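Two complexes follow with subunit A in common, the first pairing it with subunit B and the second with subunit C.
Then we have the complex of A and B:
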């Protein structure tokens, strides 16, 4: 066997493919941004839901799939994002800036909350996050000016309903882009290695010098801010919150888990695939009522049985492709040694 | 409280360390100091508390009593990540690979955080660690696909990537063939020669004796022998715990 030395190799971050992914995504983004001018506004405004679903799934995947925190309490931040719109709207900001300001406020709330939540592990953490979400709901409905238990609507809002829908569409699209960019950047950055190490083995990660709780705290906060932005979009689209029980509903967490597991946990592409599937099913089958939930459950069972890594996980395993590469590959520096010395070098 | 041999040159001092899980006492009153540059072997029967001692040293487990000093600083209350960044590298007896990451990315994790490096410097340190542990040819393989022996080598590679001053090895020679064991011994002897302080738990005594300057024997949570490797191996106490009192 040839003696290999470290000097004969360099590290490839799949730069070309990442740039390509960025370019194609940017083109899709521009096309989506222009879509309301070309298509029926009724169609494009139905996509708002798809955008916030992808945002929610992406954020939950970051939390559970990368940092190993299985939360069933993200509805706390969805609700806070929705109510944050009222708070900042009442203070004189327009609804759209209110969404952005609210997300920062929610980040500031989530950070200290993480100190409470992180005292619990595994299943206890999951239940703990749910309890926190319930507590947040209970606190919110104490405020009369937020509609108490009745829900309320946005007071100052753009008059023209066409523009209103258009702005909400762009806001949802922008938030989606932001969520994907943050996730992609985070996973390609130095912290991406830490996150994936923590996901795979927390004890070993700590023994290698990774500050596990700090890394998790950052992700927890980002995921809360993402959920908050999605919550704001939900609120703005409906021009208010129908009831606090609905916006703080645990079923948001159930849908997030569904989308991420169906699509493929621990991949960037998976949550997008899962959200699209959920959106399509919701669009066509939701009028079936109870049967619709049965179909969703059946799909979840089938995927976990036959594609335990989710749809994208199975595709990735079979064809070894990833649209958003976050890995590292070692390649020999030209004419040092033949490529075939390295196994798996030809990805 | 501290009655151990605390010389100024000690890189590691373990003072009256005890560890218990509820009523189960695993370690009782362990005292020992390791001077900078020394290679210490730890032997002892199964269940003697060897791995637990290593865990208490690197912080994976907290001591119930006593203190651990690293480079003169009390690290007893610090987490393993702080100790790793201060220069403690540790391998696990049962490998704990990051299964979804490649071998290179596993090492990069140690180089980025344990050694605190960024960008190209981290890449180079990770590659260097893979070279030292003979894993360059597997660099792009997902760690989850490695067979057991390669997983053990990966433990070593990852620990080396953190650029340790103190290397804690937990049974990395077990299960290797004669030739593999020889090359491992050569690697560790090389690390020792480069000035890294080593504490090595091993059942393959032959491999151990080829490298260490000093041998410690642990039985039922206490040190029963400590000194020159030959002297420790021939001491009656050590023979008794290994072979029974009949001999």
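Then we have the complex of A and C:
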């Protein structure tokens, strides 16, 4: 075995591949943004759902897959994002700006809530977030001006249905792009490394000088803001909320978990794959009624037990590809020993 | 007097919450599994009772002789076939598996039994009450629930302290590898603990159904939160703490109900969150580190 010295190796962050991924993704997003001009509006407006599903899955994955926080209470922020649209729309902002302002407000609510939620760990954290979501719903329905328990609709809104769908489409697409960009850069930053070390071993991470609770708090807040934006899109697309029980429903958590697990937890690509699979399944099987949810739950269990890395994880393991590289690898510098490239299984 | 009456009703309601929480407390104490499907197991128990009522013509109390052992067997095999594997994979896996169950069960129940409330009649027991003094009346059924909860907790404590299986369970909670070196298959011990947890959950589900006048498929989403709140308020890993937590929650619900009938759930949740902030270890100091 050759001795490894610092001088003969360098750490590679896949800069080239990251740039390429960025370029290709940018091209895809431009194409998607132009799609409503080329395709039937009915087709493109059905993609709105796909966009917010990917956003939700990406945000839940950031929480659970990278920071180790399994939350079943993200519906709190989905609901707040939806109701935030009403609040800021009533104050005179248009529905789309309201979505963005609401996400900042939700971030400001989620940050202090994290102090409550972080009192609990593991499974009890999951339940704590669920209780918070229930409490938020029970508080919201006490406001008559928000429709109390009946839900309500957006009061001032673009009249023309074509433009309405178009703007909502771009809003959903923009939010998705933002969610992916934030996640990608966050994970490539120092904090991304900190996060993964927290997920793998919190005590060891703390011993290495990582400020564990601050890092988790930041992720918790970002994930809440992402869920809020998705919630706003859901509300704007439906021009309102049919019932608070539906927008604050724990089934949103079930869908997020399902998408992330099927696709592959702890990868950037996984939630995208999972969301596409869920979107297609939902399209074809939702007429099965509630049996469909039973199958979803069963699939989630089977994947957890027998394919714990999900579909993308299995592909990655088999072919060693990753579209959005956030890992590190060590490569020998040319004029030294030309041994094989050591990879840290580039997460 | 109204306040005192509400306090007493709250304590009695606490008995129900404690019973609901007991199975959860056992599963966490022995296996460190947080069962997100706990509420659904309760609901499933209540539906089994309804089935034995309608199909076999039993009364509710007789049906418990079928329901509790049957759910115990279910718990044993859920642990052996699913959770045991999940426990080896990662910390998150058991959570995800139980959440999967929590999604499957109520939706399947709707498809099989519809959304309508299925009755669990107990004859005139449901309306019987004892008047202690003027203005304070105690229902027989809530009193019975509290007594059963206390007996179950005392029995479980004795079981853990005195019997061989109880000792194995405490040993498995502390160090399953060493237990294995002693020639005990810890997987069976775990599964047995889960069987007890499921059995008690089913019992609690039947009591909850009786109190509510019947059972509906999504009851579990409500009861799972009550149960978890009681466990955490009481302090993780302490069975008597779970009783105390249930009573705190019950009193909070009952007092809030005096102010407005739509407040109990919100106040219960807020009391829980406040206790998390100010006394995160729970009100009873636990002997087991969480």
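Note that in this section the second predicted complex is superposed on the first by the 328 of 347 C-alpha atoms of A that agree within 3 Å, B and C clash if a C-alpha of one lies under 4 Å from a C-alpha of the other, contacts with A are read in each partner's own complex, and residues count from 1 in each chain.
Note that in this section a contact is a pair of C-beta atoms (placed from the backbone, for glycine too) under 8 Å apart; a residue touches a chain by one contact, two chains touch by 3 or more.
Note that the coordinates shown come from a computational prediction; the quantities given were computed from them, not determined experimentally.
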Query: Where does A:305 make contact in the superposed view: on subunit B (first), on subunit C (second), on both, or on neither?
result: second
- If you stack the two complexes on chain A, which partner ends up touching A:204: first (subunit B), second (subunit C), both, or neither? first
Exercise. First (subunit B), second (subunit C), both or neither: which does A:127 touch?
Worked result: second
Q. Can A:143 be said to touch subunit B (first), subunit C (second), both, or neither?
A. neither
- Message: With both complexes overlaid on chain A, does A:284 touch subunit B (first), subunit C (second), both or neither?
- Response: neither
Inquiry  = Looking at A:163, would you say it contacts subunit B, subunit C, both, or neither? Reply first, second, both or neither.
reply    = neither
Practice task
Could you look at A:185 and tell me whether it touches subunit B, subunit C, both or neither (first, second, both, neither)?
Solution key: neither
- prompt: So, does A:194 touch the first partner subunit B, the second partner subunit C, both, or neither?
  reply: first
Note: in the complex, subunit A contacts subunit C through residues 64, 68, 70, 72, 115-116, 119-124, 126-128, 130-132, 134-135, 138-139, 142, 250-251, 253-254, 257, 261, 265, 289-291, 293-294, 296-298, 300-301, 304-305, 308
Touching subunit A in the complex, subunit C uses residues 28, 33-34, 36, 82, 85-86, 89-97, 99-104, 107-108, 110-111, 221, 224-225, 228-229, 232, 236, 265-266, 269-270, 272-273, 276-277, 280, 290
Within their complex, subunit B touches subunit A through residues 58-60, 79-81, 84-85, 90, 92, 96-102, 104-106, 108-110, 112-116, 118, 122-124, 127-128, 130-131, 136-141, 158-159, 161-162
The answer for subunit A against subunit B in the complex is residues 1, 4-6, 9-11, 190, 193-194, 196-197, 199-201, 203-212, 266, 327-330, 341-345, 347
